[in-house]
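So that you can tell them apart, the chains are marked A, B, C, D, E and F in the order they are listed, and the count of residues begins at 1 in each.
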Amino acid sequence: MSDDAHGDPPASTGQQPVGDLTHVRPDGSAHMVDVTGKAETSREAAAQAVLTTRPDVVARLVDGTLPKGEALGTARIAGIMAAKQTPALIPLCHPLPLGAITVDFETDGADTGAEEASVTVVARVRTRGVTGVEMEALTAATVAALTLFDMVKAVDHLAVIGDVKVLEKSGGKSGAWSR
Amino acid sequence: MSDDAHGDPPASTGQQPVGDLTHVRPDGSAHMVDVTGKAETSREAAAQAVLTTRPDVVARLVDGTLPKGEALGTARIAGIMAAKQTPALIPLCHPLPLGAITVDFETDGADTGAEEASVTVVARVRTRGVTGVEMEALTAATVAALTLFDMVKAVDHLAVIGDVKVLEKSGGKSGAWSR
Amino acid sequence: MSDDAHGDPPASTGQQPVGDLTHVRPDGSAHMVDVTGKAETSREAAAQAVLTTRPDVVARLVDGTLPKGEALGTARIAGIMAAKQTPALIPLCHPLPLGAITVDFETDGADTGAEEASVTVVARVRTRGVTGVEMEALTAATVAALTLFDMVKAVDHLAVIGDVKVLEKSGGKSGAWSR
Amino acid sequence: MSDDAHGDPPASTGQQPVGDLTHVRPDGSAHMVDVTGKAETSREAAAQAVLTTRPDVVARLVDGTLPKGEALGTARIAGIMAAKQTPALIPLCHPLPLGAITVDFETDGADTGAEEASVTVVARVRTRGVTGVEMEALTAATVAALTLFDMVKAVDHLAVIGDVKVLEKSGGKSGAWSR
Amino acid sequence: MSDDAHGDPPASTGQQPVGDLTHVRPDGSAHMVDVTGKAETSREAAAQAVLTTRPDVVARLVDGTLPKGEALGTARIAGIMAAKQTPALIPLCHPLPLGAITVDFETDGADTGAEEASVTVVARVRTRGVTGVEMEALTAATVAALTLFDMVKAVDHLAVIGDVKVLEKSGGKSGAWSR
Amino acid sequence: MSDDAHGDPPASTGQQPVGDLTHVRPDGSAHMVDVTGKAETSREAAAQAVLTTRPDVVARLVDGTLPKGEALGTARIAGIMAAKQTPALIPLCHPLPLGAITVDFETDGADTGAEEASVTVVARVRTRGVTGVEMEALTAATVAALTLFDMVKAVDHLAVIGDVKVLEKSGGKSGAWSR
């Protein structure tokens, strides 16, 4: 869970001088910032991760003939379950009851003559809470992509995960934002 | 944990015909493949993830003035702890007693006039076991990078994680491999 | 946590046509359904699981002379702790702050001349939340029963767990329901 | 993980007198019994759980039109992941590196005119370790069945899980056993 | 999470007769007490744990030259993450969304001629919830101290952790309390 | 899991010069030290934690009349389960398959006229592995004591946990050691 008390600047903001950061502790030590005074609002975030591999491997991801079996459904469940573990993985995230999670896949270039093909994982998370859910969406997308990697690595050790980023968010004092 | 019974092809291999994959179940269902007959050997893997953000943000990552406090040490611990949770995150990974984990950071372009700067996270994992540790190294690097993202997002929502990949591995029947 | 937006039909209902299920995604993929718009109400559910074994084994469950030691108290704690892990075990369950959990046991047929005897585990869970707690009650009852099985299996490998079901629930838009 | 130092009696054995149970502590307290002196051998166990519901519901389980989406693949992953959490759920189980896990489904009576239909979940677990894996197989089968219940409860609150039992095991000093 | 329905007596109270304890179940069995009817208020608790070791070891804790590396930052993150796991560790604690966690260290006697020196860990936890957070603060302080122990044990097996206690709490029906 | 490559000095050793610590990384960063080259041996450790409270409270701990119910059995299970979570709690501990865990209690001063009474928790852990189990024993004893605190805090907020220490260990290159 993110904490937008100091988390919803305009995304294109310039550098904030340290003196402005009331949430920085004097000794610079890590801490979970205080969100107990913030109002609950509906919040949503979407994030993505992209697995790049060979076209024939993407084809096999889709048709379910990889060594470990059916890949997309397995990665979807892994992503959904990982979103719920976000505060146990990211040390300074706040626990937050998640209200909805979806994980979707879009493939590009499977079985073409191209040198590369890709699977884009898009995760969406919604909550009614005191802080945003970007980290939950990022964690879902990333763990789903790692699960795909685990399933293709026997046939392509050179696969790469990239372009992991927040796509959009809404709710909180900064309102809706889209990349 | 990976399973190189079918996991150590030459990394540059072409497409494996389905008929060759003795580990594919007839109905294509997902499963944890059997590694009980494999010999224990020393195994090591290294993987990376790269966080790209603004130069001033990388500078603050390094000097510890981000809103949530000291970033690199926090991300290091997050990565080490995540490596140990790999089989709980990646559904078809085997549990494996990890013998050593390190997570290191290299920054590039901090406080320069460039438009972008980056932090490269490199995770190394060693074990003495029946299968490889690429997924553990990838999980450590990725969760460390997500933790960095969590700490910079208040000052840069546009940060991106990319170039997540295995750098090298050794041990197992396929021997040493380097990207 | 269950999600009764689509979860509180009359229990004796006939088949719902697919067209009515607004929570089914077009591609049929698994997802955590959205409960963020639902009102918080007090909710309670009770569920049971029954372990069937030999009369002498039930007697030893009760008097604490099984190889692994005191059984009922151990199973009770296992059930309570498992209820709290429900969203980490059941992929599409929502996390929910549980407000009360009890696990109780009733034995039948111990030390009789009958061929079989049983222990019925009844778990009750209460919350104030946006969706029901049947899955938490079922998980508590089931894990408590598995813990009993673990403790009796050294003396009876033939023990069976059955009749795992929701006994009653209240709260939510469908009101109170009892089997 | 089970511990067959005292765990592999003939399954049909009669009552063991307390005096024979060298693993019972004098005060009857619960404890994880000592398996450090046992030899590692290949071990396997299979267990089942059966979900009973209406024929039309089983049909929808299979064709993927339940409110939460694709059910069998989701339950399979839930079962595999739960097997790996067995020592965290069952208090006196030993941690054990699992070498293979499969979860399969067989349906009976879908879309018939019968009053009831069922899905049988069969889980198989293999390891090379010092004690048996019945509890892991039982946990996988049970959590997969609970996941199915979670997916059908919106259309059938009266579904029941039963006939949860060990089907067969091999390895350890007691050798192969089949129900 | 504590539950002050019966949890906020004057700290100096004498013995409560059993008859007064409406939360004791007739059979004395363990249970998570019901907090669903309690009002949400802002709550805070602070707790400490003290590690006592040799002066030269405290000096090395501070200057980061222990065998496992940088100690205080590592222990801080361990404490923060453990606070979030409190309901998974302490069987009868309620899950509660934590709103803020800090862990601080004070050293005493490092590099002096004294026989002993110490590190005091102070953890503070805040929430807006139905029950108190003493257990979360105690868990954070204790796990941070255990992490310090883990890092010094290679150079001092005789280190001791003590004086683990609640320092103060506020919120709930009993109001503010300080030791 | 401890790592006695650098972990088995004579317990009464003096200060080790930094130059001797081959496991210290040049930049002082935290890391899981490498135990992959170490031999597996039988290892055991015992540790304790002491809860100090009022005599009447110890009496109620023993007779099971505390608000949350039966205390000693609950704390025992909490300690055993926590030992298995040690590598998930203590960042630099290695995962290790535990072979035996016991948790015992000794009370002192219950129902006497003394001002204070205490419960001493003693945890013993055994394994066959590459490194020691002091941290597992300490974690078991500490979490069991915290569980007792959770159960007595409604009647004594002033309770204190102290004297947390390793009592003895055996196995590994340093052989048997007793405090």
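The rule is short, and it goes like this: a residue touches a chain if its C-beta (ideal position, glycine included) is under 8 Å from a C-beta of that chain, and two chains touch if they have at least 3 such contacts.
Nothing here was measured: the structure is a model prediction, and the numbers come from that model.
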{"item": "Partner chains shared by chain A and chain D (touch criterion as defined above)", "value": "B, C"}
{"item": "Contacts common to chain B and chain F (chain labels)", "value": "D, E"}
{"item": "Chain whose average C-alpha position is farthest from chain C's own", "value": "B"}
{"item": "Greatest separation from chain F - chain, by CA centre", "value": "A"}
{"item": "Same vs different contact residues, chain A with chain C, by half of numbers used", "value": "different"}
{"item": "Pair in B-F, B-E or D-F that repeats A-D, with over half of contact pairs matching by residue number", "value": "B-E"}
{"item": "Chain C and chain F: spacing of chain centres that average the CA atoms, whole Å", "value": "33"}
{"item": "Whole-Å gap separating chain B and chain C, where each centre is the average of the chain's CA atoms", "value": "37"}
{"item": "Mean-CA-position distance for chain B and chain A (Å)", "value": "16"}
{"item": "Multi-partner residues of chain D (at least 2 other chains)", "value": "25, 29-33, 70, 73-74, 77-78, 81, 85, 88, 91-92, 95, 97"}
{"item": "Touch relationships between chains, expressed as pairs", "value": "A-B, A-C, A-D, A-E, B-D, B-E, B-F, C-D, C-E, C-F, D-F, E-F"}
{"item": "Contact set on chain F toward chain E in their complex", "value": "2-4, 6-7, 9, 11-13, 15-16, 18, 21, 23-25, 28-33, 54, 56-57, 60, 64-71, 73-74, 77-78, 81-82, 85, 88-93, 134-135, 138-139, 142-143, 145-147, 149-151, 153-166, 177, 179"}
{"item": "Touch list for chain B against partner chain E, complex", "value": "70, 73-74, 77-78, 81"}
{"item": "Chain A contact footprint on chain C (complex, rising order)", "value": "25, 29-36, 87-88, 91-92, 94-97, 129-130"}
{"item": "In the complex with chain A, residue positions of chain E that touch it", "value": "42, 73, 76-77, 80-81, 84-85, 95, 97-104, 126-128"}
